[in-house]
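Chain nomenclature is as follows: A, B, C, D and E, assigned in order of appearance, with residue numbering initiated at 1 for each chain independently.
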Amino acid sequence: MDEPAVLLWLVPALPLAGALVLALRGRHWPERWIARLACATVAASALLVVIMGADYLAAPGARVQVLWSWFAVGEFSPAVALRLDGLSLVMVAVITGVGFLVHLYSSAYMAGEEGYGRYFAWLNLFVAAMLVLVLADDLLLLFLGWELVGLCSYLLIGFWYRDADNGAAARKALIMTMAGDVPLVVGLLLLFSSLGSTAIPTLLDQAAARWPVGAALPTTAALLLAFGAIGKSAQLPLHTWLPSAMAGPTPVSALLHAATMVTAGVYLIARLHPLFALAPPVLDALAWLGAITLLLAGLHALVQNDIKRVLAWSTVSQLGFMFMALGVGAVTAAMFHLFVHAFFKALLFLAAGIAILALGHEQDLRRMGALQKRAPWAFWGFLAGGASLAAVPFLSAGFFSKELILAALWQRGGGALWAVAWVGAVLTAAYITRAFIIGFLSAPVTPATGATGWRLHLPVALLVPPSLAVGWLAPPFGALLVPASGATLPATETAFLPALLAALAPLLGIALAWYALHRRPASAPRHLAPVEDTGFDRFYWAWVRTPYQVLARRLAEDPFDRPFMAIVQLTRVLWQVLSATQDGRLRRYALTLVAGTVVLLAMVMT
Amino acid sequence: METDFMFAAALTLIAAVLAVTRANAVHALLYLIVALLGVAVVFASLGAPFAALLQVIIYAGAITVLFVFVVMMLNLGPAAEECERHWQPAGSWLGPGLVGLLLFGELVLIIMHGDAAGADGVVDAKQVGMALFGPYLIVVELASLLLLAGLVVVWHVGQGGIGERR
Amino acid sequence: MTLVFILAVLLLGGVLAWWLERLGRGLPQRVALVAIVIALGAALTLLGGTGPWRGHWRVPWIPRFGIELHVGVDGLSLPLVLLALLLGAVAVLVAWRVRERPGFFQFNLLWSLAGMVGVFAALDLFLFFVCWEVMLVPMYFLIALWGHEQRQRAGFKFFLFTQASGLLLLTAVVALGFSMPGGTGFDYLALLDTARGPAAPWIAAGFLAAFLVKLPAVPLHTWLPDAHTQAPTAASVLLAGVLLKTGAYGLLRFVLPLFPQTAQAVAPAFMALGAAGVLYGAVLAFAQDDVKRLVAYTSVSHMGFVLLAVFAWNPLAWQGAMMQMLAHGLATGALFVIAGALQERVHSRALSAMGGLTARVPRLAAFGMFFAIAAFGLPGLGTFIGEFLSLLGAFRANAIIAAVAALGMVLSAVYALSLIQRAFHGPPGEHALRDLGRRESGVLALMALGLLWLGLAPQPLFDLTAHPLQALAGG
Amino acid sequence: MQPTDLLALLPIMLPAVAAMAVLLLGSFVPRHGPLAAIAAAGLLGGLVAGVVLRPRVPLVSMGLLAFDGRAAFFWPLLLGAALAVVALAFGFLRARPVRGERHHREFYVLLLLATTGALTLAAAVHVAVMFVGLELLSLSLFGLLAYEAERERALEAGVKYMVLATLSSGFLLLGLALLYTVTGSLQLAPLPAAEPGSPYLLGGVVMVVVGLGFKMSLVPLHMWTPDVYEGAPAPVSAFIASVSKIAAAAWLLRFLETTEAWSLAPVALVLAVLAGASMLVGNLLALAQENLKRLLAYSSISHLGYLCLPLVAGGPLAGEAVAFYASAYVLMLLAAFGVVALLSEATPGHEVVQVRAYRGLFWRRPVPATVLAVALVSLAGIPLTAGFVAKFYVFAAGVQAALWWLLAALVIGSSVGLYFYLRVLVTLFVTGAAGRDRPVASLAGGVLVALFAAIVWLGVLPASLVQLVGAAP
Amino acid sequence: MTTTPVVLTLAAALMGIGMAGVLARRNLMFMLVSVELVFNGAGLAFIAAGAHWAQPDGQVMFLLILSVSGAETATALALMLRLERHYGTLDVDAMRQLRD
């Protein structure tokens, strides 16, 4: 192994150490030291990633570092092993990079909050867990990171624990994702027990070697694993936790949406793509699921008035893009969109955060407005991020990644999927334009009060260039991923007409939004989708949560106890009956004696 | 022999029933004596003259006299007889009578399975005496202890004036 | 001799603690702690032992029936002995300030502990039964005398359930002992080599009854919530941490090797029972308002995994069961410590009376969250490995049942999060509360480290248990 | 009569002689101490004689009494129990003058005579001597029960016991007569094999079982037990629960063993019904009982039920099981009643019998409370006490004979039993009652400690007694 | 010649009557009278059995029963008198101080 890769373990270990130290001692430290430690650990990780990335680019090829054998029971022997290849390098870069910026941003955003140390402990842990997830060479270790990520999301969403609503949102996030994890676990059980290994490369090789395409076992396994990914990446029907997760602090949303949590599902499918390739029906289903999610979430984003909820639904929608790409086997396109999305979504959230802070925790678009002067960092950051999200042709990174996905869909998925994606692209541009116009351009309502500072501005400033420019990196990016995921690059030559249409889609969306708002300012097209609820929540509430609570309440007294209590009652009654015979009457005693003897005699007289 | 036995048995049974059912204590005791004498006759008819003699002397004589003394001490007069009638309505005999009958029936069923060989011949006082002071010596000694125990109990319980009405 | 030494130290320590009460109220707990630490040290030396049975020792006891004082531990029982002693020390430490009759309290604690060690160490079935009962009577006293408001009722329930099933066990033990060809004998090793007669299913039923009650398996679990809820903290720790394990240990040690055919015949049914226990316990835990009751039902849920694994009949699952037992011992033990600490501070066990404790007792809340999370089996902690291996092994035996049991993972998250929410989150109350002291923090930190060790590098444990479990699978 | 015959009779004769001595001496020196000492000396002498003579078994006196292995086991047991009762009674009676007299001469005379009867019963191989022994025991007990003749309850207990005892004697006699009619001998011997199902035999055996079952208070012949235990002075309750019951059980064992009647299916059935009913009814009756003496009475009913289980099983193990169970039972019951007697020493007006009076006793009077606790634990059959090993024997006998239904009754009964034993047990330890009573030095205390030691010793190291009962026949 | 079963039947009858008497009578003295009949029945059975085998043992048993019966009657009457002094009645149903 090459020299820099020896330090691979430090990449997750540094934030983890930071998390541990802060969790144990953070309460007693001043905020400055907490922020410094937390940022430093992630920055160090990021630096290491840069060094290792350079090393990797110089000499491509997976590096595996086995830290220790976790345990070995029979042939079941998962190892704590890390793997650096193109796929994980991309993820690690995004996580540490965006993670560092979010840390930096948070140090100012969260200033003065109760539990500052706790916040950074969890944030560090979040990054560490995600790093473990993406670096894991062993599927069980990946699962460790997976669950830890879920836990951290829970802790951070519910960070302001005094408000019970935040707790509810946090629980919803963890429980919904864990509902997806149950099939995932069963899938893991299936994989481990039928393939006899937990190491990802071995598993994938074994699967390819043993199972023909479309066989029952890989299809089942892939389906089960897909549930986990759906839950984590907030796809239909397990998507409703993500909008609720806005209850957490805004930087957390940035991290969660951009780098750490929701991308895990995409990453899982990308990482295990050879296995999914053996299950075409599952892939098809994923593609269509993505398509529906894309449209539905886009419509939702169009009608939200809370700026963070717009962004949340936008994430769901963008993840739909990625799933569509994964569904048609365009792993590179999906990963590239993930990569780009990480930058612009982080940018959007951080910019929105500045705006929110500047307006004294005002999140309603309709009460914002005129931010160009009042919060220029927010304004320009949001504009850049929005442009990238809307995929303004050539000027933004989002354009290139979206173009890749649409091309892949055109090539492999057929017209219907492409058309849905195109509509989605139009929607995307429309909703973000609407949000920008209402929230940033319209007349001011709420006076600006909040403080700002360089630690808020710097991350925004640093995120603008990649949001706009990383799109040009598509070809080398594809080359980086190929050996890792086993996916092929999409054909470079795309039909002209679809490409043109795809390029026009964002413009169309922007124009539509502009036109509609010009006609009826500050209104939401309510007939398109409900603002708050998708019906899914109501469904879960009525058919899952309430029945479970009713069931629990009914059972609370433990009905199995009743038979035993009945026995106790019975003995009591027997005692009363028998005790009544001991009433002190000599004649009755004598009668019992003689009658008893009569009975006993009768028993032998047969 | 046969007729002796039958006559004595019938007498005994009738007297026993009356002894148990009378309300007047003295009457009951008299019937008891008759029943005991009847049994003595049966003993004699079974070739146990010594036992018959002891039955007459000790049972019908000594033990019944004890009862009579007690009756005298308690002065059970007509009032007691009335009280007795009150305590003992005819219905109160139903259960006990039934149980007694059942018991008797079971015993008869058991007894009827035995061989019909009867005893003949007499076991006289000498034989019994030889047995008592031969192989049964220890038993006799123990019986004396038993009587001693009875004596001590009666003496202890009876101390402090038996028969003085409260 | 080591095992005899351990037992003697515990028993004599108990008597000494009782006796020293009159000299000073601080003495009994110190004596108890010293005794347990000495015993723990002695037990640790057994780790270095060799041979199939470490600390092996046997002398005749009642020769008429071939009964012997026969002890020894292997890889199956040694970890449980260590767990018992460790939790015993924890129990003494959390009961440091028992006010009422501390000497008698420590006496009962140590004797119960001695009984538990004896249960794990006994190689003679008669001796096993004796120890089985010896651990129960002092435990009953702990519950009935130092418990909470309904202690007497809970104590009766606990005792009657376990004793009634214990009588069935005794019947079975005697029947087994008298089925030995050439006279009676209760020697475990000899019985292993003896063919079972046609009565085997009935004898096995006796063993099963006792062990399933103790485990506990649904629907025989109803003693547990009451007992655990009403017991004093130290007793709850021992109950949940060690006592329940004796049931699972009994299954692995006796039922499976002595009655393989019977056990295999009923295996699917018992696996289903285990899965049912996992779900049922989780649902009921969610439904509770009493924090100790909640934790008690989580035990039902977790021990369901053990039952599932035991009857999955492969070494993988058994390793999982062993891991689950140890991890559950630590996690649930710690949760009871926390529940006790909560009750001590809030003066109520009702979750509805708590809330927002993170702000008032941050250290306690942090530990509470850690162990609540451990209860739902977060990877990286021992509980996860236990559950996952159990499921993996069960999956090989019966995929459907394992899949159903896997639902327990999300249900356990539901109750654990609900616990965290209701106790530690939400708006805090007004009164200032005392946070955990050094002693309690130290104990909990130790248990947390233990869970982390079991979760991250548990290989030494698996190496220890591998041999007997392989032998079990082979035989 | 041979000299050896007399030698074998020594353990019986010494108590009887002591009875005479107490009676005579008591007339001249009416003082409690010397009289009790003589009684104790007589019993102790018998005990020593029994132990010393043990190697010389079997000695048979005139075909009536057999000093065999069984007698050599039961005699010391009964004598020891009687000795313990004397010790208990000494302190108990000291505070309870009867009609102003403090020497209690009659008590010791009757106690010694009753013991003599019990010893006779345990060793009788002849129906006549058995009958006399039994009646000697009964008759003396009438007096002992009603000893405090000024107390109405004592009288009531005496009268109840007397009427019912005579009825059961009637059954016993008729049964014996029926057997005699078939066998032609009053000597105990194997029943004629020619007609095993003869109604004479079966009816006779059943009535004999009824007669002895009354003394052992087996259900449904048990009704007298709680009333009599409650009404009698505590030491007498102890005596009737231990000596009287075990003597009857010993003879029943001898009877069934010698005649081999237990191998007759109908007899086994009757015994099984008696045993099973006793286990269940006895334990159920005790369930919520608040009077400790009554509770112990019900407990003793159930324990005699357990004791009968080996009799149903039959075979060589049965004798051992009964012998061991009897030993354990005697120790437990004596200890339990002993505590009642000891505590009642200080309360001449009444006895300490209500369970609530025992609240927190452990913290006030640790020694008697510990003894009572161990006795209760032992009665519940929990290991490290004699009661457990005894129960193990019963289980062994039952399992060996495959008496599953009876074992089921045993399990159910014991489970019910656990409840009330625990109820009393935990009462002893309830904290809160402050202060420690002044320790009272008492002879009974010493006896209780000895009983405690014996219970624990038999529970922990039962091998020696196991060997002893194994060598019995 | 009288056959043994017939005599035994008479004994059984005496016993049955005696038992019924004990069960039925409330007056303690009549109970004791009934008990005498029970004992007589038992004695008769032994006499019959002894006669059956032409042995003296039956009569010996009868003698023992006789003495026991005598002793018991004396004891019983003493107890009865003492009882009558305390309760003022011979009604056994009045003796119910000892009960559950």
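Keep this in mind: contacts are C-beta pairs under 8 Å (C-beta built on N, C-alpha and C of every residue); 3 or more make two chains touch, one makes a residue touch a chain.
Because the structure is predicted, anything quoted here is derived from the model rather than measured.
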Kindly list the shared contact partners of chain A and chain E, in label order. B, D
Everything stays put except that chain B is ignored; which chain groups still touch one another? one piece
In terms of CA centres, which chain lies closest to the overall middle? C
Report back the single chain whose CA centre is most distant from the CA centre of chain C. B
Specify the chain pair with the maximum number of C-beta contact pairs. B-E
On a CA-centroid basis, which chain has its centre farthest from chain A's? B
Whole-Å distance, chain B centre to chain E centre, using C-alpha means? 6
Whole-Å gap separating chain A and chain D, where each centre is the average of the chain's CA atoms: 78
Taking each chain's centre as the mean of its CA atoms, how far is chain B from chain C in angstrom? 70
Could you please state the distance in Å, as a whole number, between where the Cα atoms of chain D are centred and where those of chain E are centred? 26
Name the residues of chain A that each touch 2 or more other chains. 579, 582, 584, 586, 590-591, 594-595, 597, 601, 605
Quick one: which residues in chain C touch 2 or more of the other chains? none
Overlap residues in chain D, where contacts from two or more other chains coincide: 128, 132, 135, 139, 142-143, 146, 149, 158-160, 163, 167, 174, 178, 181, 199, 202-203, 226-227, 285, 289
Mind listing each pair of touching chains for me? A-B, A-C, A-D, A-E, B-D, B-E, C-D, D-E
If we count contacts the way the header does, which residues on chain B are in touch with chain E in the complex? 1-2, 5, 9, 12-13, 16-17, 19-21, 25, 28-29, 32, 35-36, 39, 42-43, 45-48, 50-51, 54-55, 58-59, 62-63, 66-67, 70-71, 73-74, 76, 84, 87-88, 92-93, 95-97, 99-101, 103-104, 107-108, 111-112, 114-121, 123, 127-128, 130-132, 136, 139, 143, 146-147, 149-150, 153-154, 157-158, 162-166
Per the contact definition, I'd like the list of chain E residues that touch chain A in the complex. 19, 22-24, 26, 92-93, 95-100
Please output the residues of chain D touching chain C within their complex, sorted ascending. 363, 377, 382-384, 388-389, 391-392, 395-396, 399-400, 407, 410-411, 414-415, 418-419, 422-423, 426, 429-431, 461-463, 466-467, 470
Chain D contact footprint on chain A (complex, rising order): 571-572, 574-575, 578-579, 581-582, 584, 586, 588-590, 592-597, 599-601, 603-606
Which residues of chain E touch chain B in the complex? 1-10, 12-27, 29-30, 32-34, 36-37, 40, 43-44, 47-48, 50-60, 62-64, 66-75, 77-82, 84-86, 88, 90-91
